Amino acid sequence: MTEHVATNETILVVGGGISGMTAALEAAETGKNVVLVEKNPALGGRTSQLYRYFPKLCHPTCGLEINLRRLKGNPRVRVVTLAEVTGIEGSTGNYTASIKVKPRYVNESCTACGDCGRAVETMVDDPFNYNLGQHKAAFLPNAMAYPQRYVLDPAIIGTADADRAKAACKYGAIDLDMKEETIQVKAGAVVWATGWQPYDAAKIQPYGYGRFKNVITSVEFERLADIHGPTGGKILRPSDGKEAKNIAFIQCAGSRDENHLRHCSRICCMASLKQTHYVREKYPEDGKSTIYYIDIRAIDRFEDFYQKVQADPSVSFIKSKVAKVTEDEHGNPVCHGVDTEGYKRYTTPHDLVVLAVGMEPSVKGINIPGHIVADSSGFIEADPANGAVFGAGCASNALDVNRAVQSATAAALRAIQVVNKVAKAEA
Amino acid sequence: MSANTALAEKYRNNFLKEIEEQVEMGDWVKMCMQCGVCSGSCPTNFQSAWEHPPQELFMMIRAGKREEVLTTTSMWNCTSCYNCIVRCPRKLPITHIMHGIAEYAHRIGKAPKMQATRFFSGLFWKNATKTGRVNELKLSMGLYFKDGFAQGVKNGMAMQSVALGLVKAGRLNVMELFGGHKCKDQKGIQAMLKKAYEIERSRKAAKMAG
Amino acid sequence: MAKHEYAFYPGCSSQKGASASNYLTSVESMCKTLDVKLTEIPDWNCCGASIGYAEAGELPRHVLNARNFALSEQHLPGQEIVATCAACWLGARETRERLTHSDTLMADTREALKEAGLQINEMPNIRHMVEVLIEDLGFDEMKKHVVRPLEGVKIAGYVGCQTNRPFGVSGESFENPQYLDKMVEMVGAESIPEYEQKVTCCGGALAFSEPEKAQAQIKDIVESAYDHGAEMIVTPCPLCQANVEIYQGQINKRYGTKFDIPVMYYSQLMVVAYGGSAKEAALNGQVIRARRLEEIAAKPVKR
Amino acid sequence: MADIKVAAYICKGCGLGERLDADALVKIAQKDGKVPLAKSHEFLCNADGVAMIKNDIANEGVTHIMIGACSRRAKTEAFFFPENAVARANLREGVIWIRPDTDEARETTQEMAEDYIRMGCAEVKAMTAPGGNTNTGTSKTLLVVGGGVTGMTTAIEASKTGYPVVLVEKTGALGGWAAKLYKRVPVHEPFKSPADTGVGDLVAQVLGDSNIKLYLNATVAKTDGAPGRFIVDIATESGATHTEDIGAIVQASGFTLYDMNKLPELGGGKSPNVVDQAGLEALAKAAAAGDGVIRRPSDNQPVKSVVFVQCAGQRDPSGTHLAYCSGVCCNTSIKQAMYFKDANPSVDTTIIYTDLRTPGNGEDFYRSAQEKGVIFTKGKVAQVVPNGATSTVKFHDLILDDTDAAVADVDLVVLATGQVANSGIDIFAAPKTEEEEAAVEVKPISILNLTYRQGKDVPQLKQGFTDSHFICFPYETRRTGIYTAGPVRRPMDIAQAREDATGAALKAIQALENAELGRAAHPRSGDLSFPKVRLEGCTQCKRCTVECPFGAIDEDEKRFPVFNESRCRRCGTCMGACPVRVISFENYSVNTVGAQIKAVDIPDEFSEKPRILILACENDAYPALDMAGMSRNEYSAYVRIIPIRCLGSVNTIWITDALNAGYDGVMLMGCKSGDEYQCHFVKGSELGRVRMSKIDDTLKTLNLESERVRDLEVAITDIERVPEMINKYAAELVAVGPSPFKGF
């Protein structure tokens, strides 16, 4: 929140999701200065787009609220949003990062009063809702957005809409002359917490994502269930807005597949088990879930969550990798395949198919000295060759939130060890 | 001692090893993770079911169910559509494994004798390699008459309309029965194939001995 | 000197009086227009096809294909091998892949080839005719020659299996390849991109040995074409063409349907669109006559 | 109290100026709020507005600031005055955004705003800027309990960061379970073969580190004190006791394998040729020391066929065995099968599983095992029948649906039994009778022997593991400055344990650093306020010592509470519990809230303007109300909302005061309690509810209807539900009629 000057005793944290925020806060609360860089206009990352967590079914925004309060009260963390690290130079204890900062077209004077949003007419896709819905081209990224400041979509810059927004703002918060800039930041150590992205489901051709409207991904399904989502928390199917009560969950959509992602993404089984709760929550009478799986990976303590779901009569399990999805005349996606436990063939129509898409590390394009050592899936490995650049969270492995936070906390200590050495040397 | 009993003896209670060494692409069988996408992708599946779909056959092989696997008609249902291959998350060459197991069962005399596709497959190969090129008429006749003359005529009649259509369209030449297309260097082809069979046999034998 | 030259591997079914002879005829006319020179590989032999597996075994199958490679190398050095038949293309390409990836297999093959006094020094590229059209000529070039667009004709593009899997035409997807639809559009006809049976298997060789199984699948393929209002079906594969066309009568008997839809080769559509005669397009080779195309073919060319 | 000067600032931005009469609000602040300095500003959060406030602090001697503008959750950078006591009256999200902009609504909206100004002024006057706890220790030493991979890693990482470590190991050697392993599961590309455990290297690092003081054959006899000033007695074999000053503690006491003798149906204890995974590791080590051939225990014959039984005594819903999955056994069995295959490919190795669980790149390890010829069979093992030197494994083959499948002539059977946490005494378990005590073969032995009022060890979450209940905060133990790491927290393998140990080291370091500065630990990290108690008023009722969710309060011999501020998380549960109200925080006390309640102007019973008090949890309910405002979800103008740290901090006096003052109803909004509780102070909301359940008696004595108090569970996402609840309740109260206490 402050503008302290970055030095070799500063820790640079790349990525403002739960892993990055954790690494930044844990380091700051141990007395270190941190620069936290986030490419989106607001912090929170992927978890802030989830409706509930497994296994507690609590809301990610609850933890986000706590982390944001920690952040608001801590002068040691400097947050830079709409920013991407384009390169890092130097070596352990002495790095300089080039950071490209996109224009927000809104300055600190913004009070989030919303006048600009009401003034503009242009609607643009809402990435926070995976483009399932649209929002005004002058918008607050989401209800929990920090910084709590509006953003102007570049699409309207130079149009009458931009002028309307500017005119509507009583506080001179809109600055249409903002330009993209590149800033240099010094740091002794770097925590790389760029998280993950959902595997491109369109590449899994037999499942017809992109061809059939009623085939969606697990991350999109989270938005449908969320009160802040495009349907206001109702599970409606995209094709016709009809209530989707009979829902298929297809596991390993991309994961454990040599044609796509070679690794197991760890979270997808639990995510689908969790999402069957959404179906029951919204349609207690006649909600129905079917999980098509290879192995249910409800690891360690999560096993009892799995057992609870198994006991639920509205949920059925079929041990089968679905062969293909077709669409019937009513626009229902139809799953075709073979239940391998005793060889039973099925051709089952559902209201909606949810693909439990795999985790792909968003480490690509990272440009640092001696190039980062990663495994065959692109996850950053713990390797001396990486110097003082430490992978954290899902940039380092396919992890659930709990493990990602552990990993981020560990990464924070590794970074602190480096800057402490620098401090000793400089003292 | 027949080929079969010899092999059964050699690979006692390790059918998987037998398949790995004696069947084309057989060493892929162990890589299956039983997801079942092959079974679900097989076109014939949605018509009349196989007795055992590929992924189940693989499990049976690991479980050492030699008799059931070698005598089933299942592999013979393969239409070589390659759906299973392109979808298999473990990249198993399933189509070829199916053909391989079929070929092996046929080779050691385990395959169901009168299974139509087994019969046709053999017929096709002989037909093609005899002159180097396929003679479609003889091929079909051969198939129709596999169950004896009377049945042959019956099958022939059933197919008559089809055949006539082709004849009219100039796509079936009755004269093919006498001669028809052939390669010039048939001798060379025969010699070449003979050699190929020799080499292949010796290689499999070597594996069995090794 | 032609624009493009290839060693040609027509395959058994394309021979005179064989089930795909009409394919060959139309391909020849098409290539004339496009200035593509195909030189038949002297004394080529059968590819063994996938169905030969019971007797073939591995090595003999590859040796059979390798013989064609050797002949091509000997008589048409430096030329890529082009096949029009899906099975020939696939068989040859499989052999190519296997031999390149296994030195033992390569050595054994060479040894066997000696018996026929042949040898391979380098692996030829194996191309399907549609690959040549799309990659070497391109849609623009193909479109240039259209003088008689097949306006208003609705055609279902049936790709089938073996030109599509496991290799396929590069840039296309296994589940929903687009190139046939593009070709249909290219000749001025109306395509049906959402035709969901476009890659369903026609039953292949089972059509002979176990007709009831194959015909059940052919039924789906034809039915869906009708559902989408198609007047005809187009395909790049001789076995697909034969299976889908010639059994419609039997299917009608078996299922009480009234199928009577022509099944064409892309090459036939192109020849007609290029101003060729019904004879040049081998429309007389249809078991189910393509009346609509015959009418168009009878029309004078607007130049 | 030092002389204070209060200033009130009313913002007119964001439509406040248009929707409200700002001048009237300024007057209210002066008249009712009795603040000497009250100003309004067009745009308070901009540079000019903030400069004005800073100037008043500098030149007008303003110490206490009341800001009437947006929610306390907004514009925190602008309104950041760490040196001063600050109160925020929420006029934007809390008033104009939840009210319709109509003429008829104008009056009630203005009244709402005026009350919030009165409340803000009253609150800030009752506050002092917190100075921080002074009863702090200065020890920077970490105590690590357990010398396995987790403990050693914690010690090494802490030392690397520059902190001295005392490492206590109960056995005579470092290494723990990992030292018993032949090899470990790989953690680097390519994930194809078992790797070296690396334990030797860790041991060498610990022994070579002068910064790490090692006690072998030693246990923790007594842990006293608080973060920064723990005093720990370490008992050694020799009988001698050493006392160490400790800043923070990491408990890495590891796990024990589930006893396979409890699995006779799987051959456990029935034959020497049926072993658990530890047994197999021992055989593999012996083999490696010899000719590399793993031999059958019974007769030393080479093992030609081995079967691995997964989930042995695990994932058992019946409750007989472990209900959970240990998460690591699949990879372990794969690794152990490779011991055989790598040495001799002709050994038959079969792994019988129901769900194979190899997350992440474990998938590569799985594939590699298949390449090496390990057979994977999906099935449920029914029975292992030893006969002579070999065994028959009978199972249900789930793929072939063969209920009497079997593998015969098996030389060795390996049971993948699970991890059981060494977590000491379960302080929540019902006290056992003598017989029961006797019945338990192994009495749980305390690990830490805490002198805490609330028990000797760290509370367990479930199934004996001391894991955190919070998904976002895996290191939240309920004993401040004491963290657990490794398999005692959750079943885990070496790789996870090392990561966990590193994280725990950071948390421990952070805890002792903040303890020295007198700051709170998570979730109110950095909070300088801490509970102060007027002992002279204390009745020794022990409620505070019993209820503190973090065991921060002990009792002295006279049964007076002894506060250990450095253990305190500042939730205020003690303050809520205290019947005589002697516990308070500088900036959050019975007064700061009580004064707000009293400050509200209560219209008489004829006005038909009921007043409803809402006490809302600041972490979930209050943000939900804010976001309801942001999405313009309207709710009744009759409510007055006060954010509270936790439902647990609600003192019943607030309720009775409110009702006495003539409020018509009180709504309490707190987090989910119970097993899946979402209260970030663990027991806060639960204890608060227990307290409120007794409120009915109070109501009876006042002879008021029970409807007058409503306890609600509110989640942060309830941005539509909360307004509905409020409006519904407001309507109900109209039916109940006005409070008889109005106008007294």
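Chains here go by letter, A, B, C and D, matching the order in which they are written, and residues are numbered from 1 within each.
Rule of thumb we're sticking to: a contact is a pair of C-beta atoms (placed from the backbone, for glycine too) under 8 Å apart; a residue touches a chain by one contact, two chains touch by 3 or more.
Bear in mind that the values here come from a model prediction, so they are computed numbers and not experimental data.
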| item | value |
| --- | --- |
| Identity of the most central chain, Cα criterion | A |
| Pair of chains joined by more contacts [C-beta pairs], A-B or B-C | B-C |
| Euclidean distance of C-alpha centroids - chain B vs chain C, Å | 23 |
| Interchain centroid distance [CA atoms averaged], chain A/chain B, Å | 50 |
| Centre-to-centre distance between chain C and chain A (centres being mean Cα positions), rounded to whole Å | 47 |
| Chain centre separation in whole Å, for chain D relative to chain B (CA means) | 64 |
| Overlap residues in chain B, where contacts from two or more other chains coincide | 33-34, 55-56, 86, 90 |
| Multi-partner residues of chain C (at least 2 other chains) | 174 |
| For chain A, residues that touch 2 or more chains besides their own | 206, 256, 319, 324, 340, 343 |
| Complete list of chain pairs which touch one another | A-B, A-C, A-D, B-C, B-D |
| Contact set on chain A toward chain B in their complex | 206, 252, 256-260, 294, 319-324, 336-340, 343, 345, 347 |
| Touch list for chain A against partner chain D, complex | 1, 18, 25-26, 29-31, 51, 53, 56-67, 69-70, 72-74, 108-109, 111-113, 140, 143-144, 148, 170-171, 226-228, 256, 262-266, 295-304, 307, 319, 340-343, 375-377, 379, 381, 383, 397-398, 401-403, 405-407, 409-410, 412-414, 416-417, 420, 424 |
| Contact set on chain B toward chain D in their complex | 14, 16, 30-31, 33-34, 55-56, 59-60, 62-63, 65, 90 |
| Residues on chain B engaged by chain A in the complex (per definition of touch) | 33-37, 39-41, 45-46, 49, 52-53, 55-56, 86-87, 89-91 |
| In the complex with chain C, residue positions of chain A that touch it | 205-206, 208, 211, 324, 326-327 |
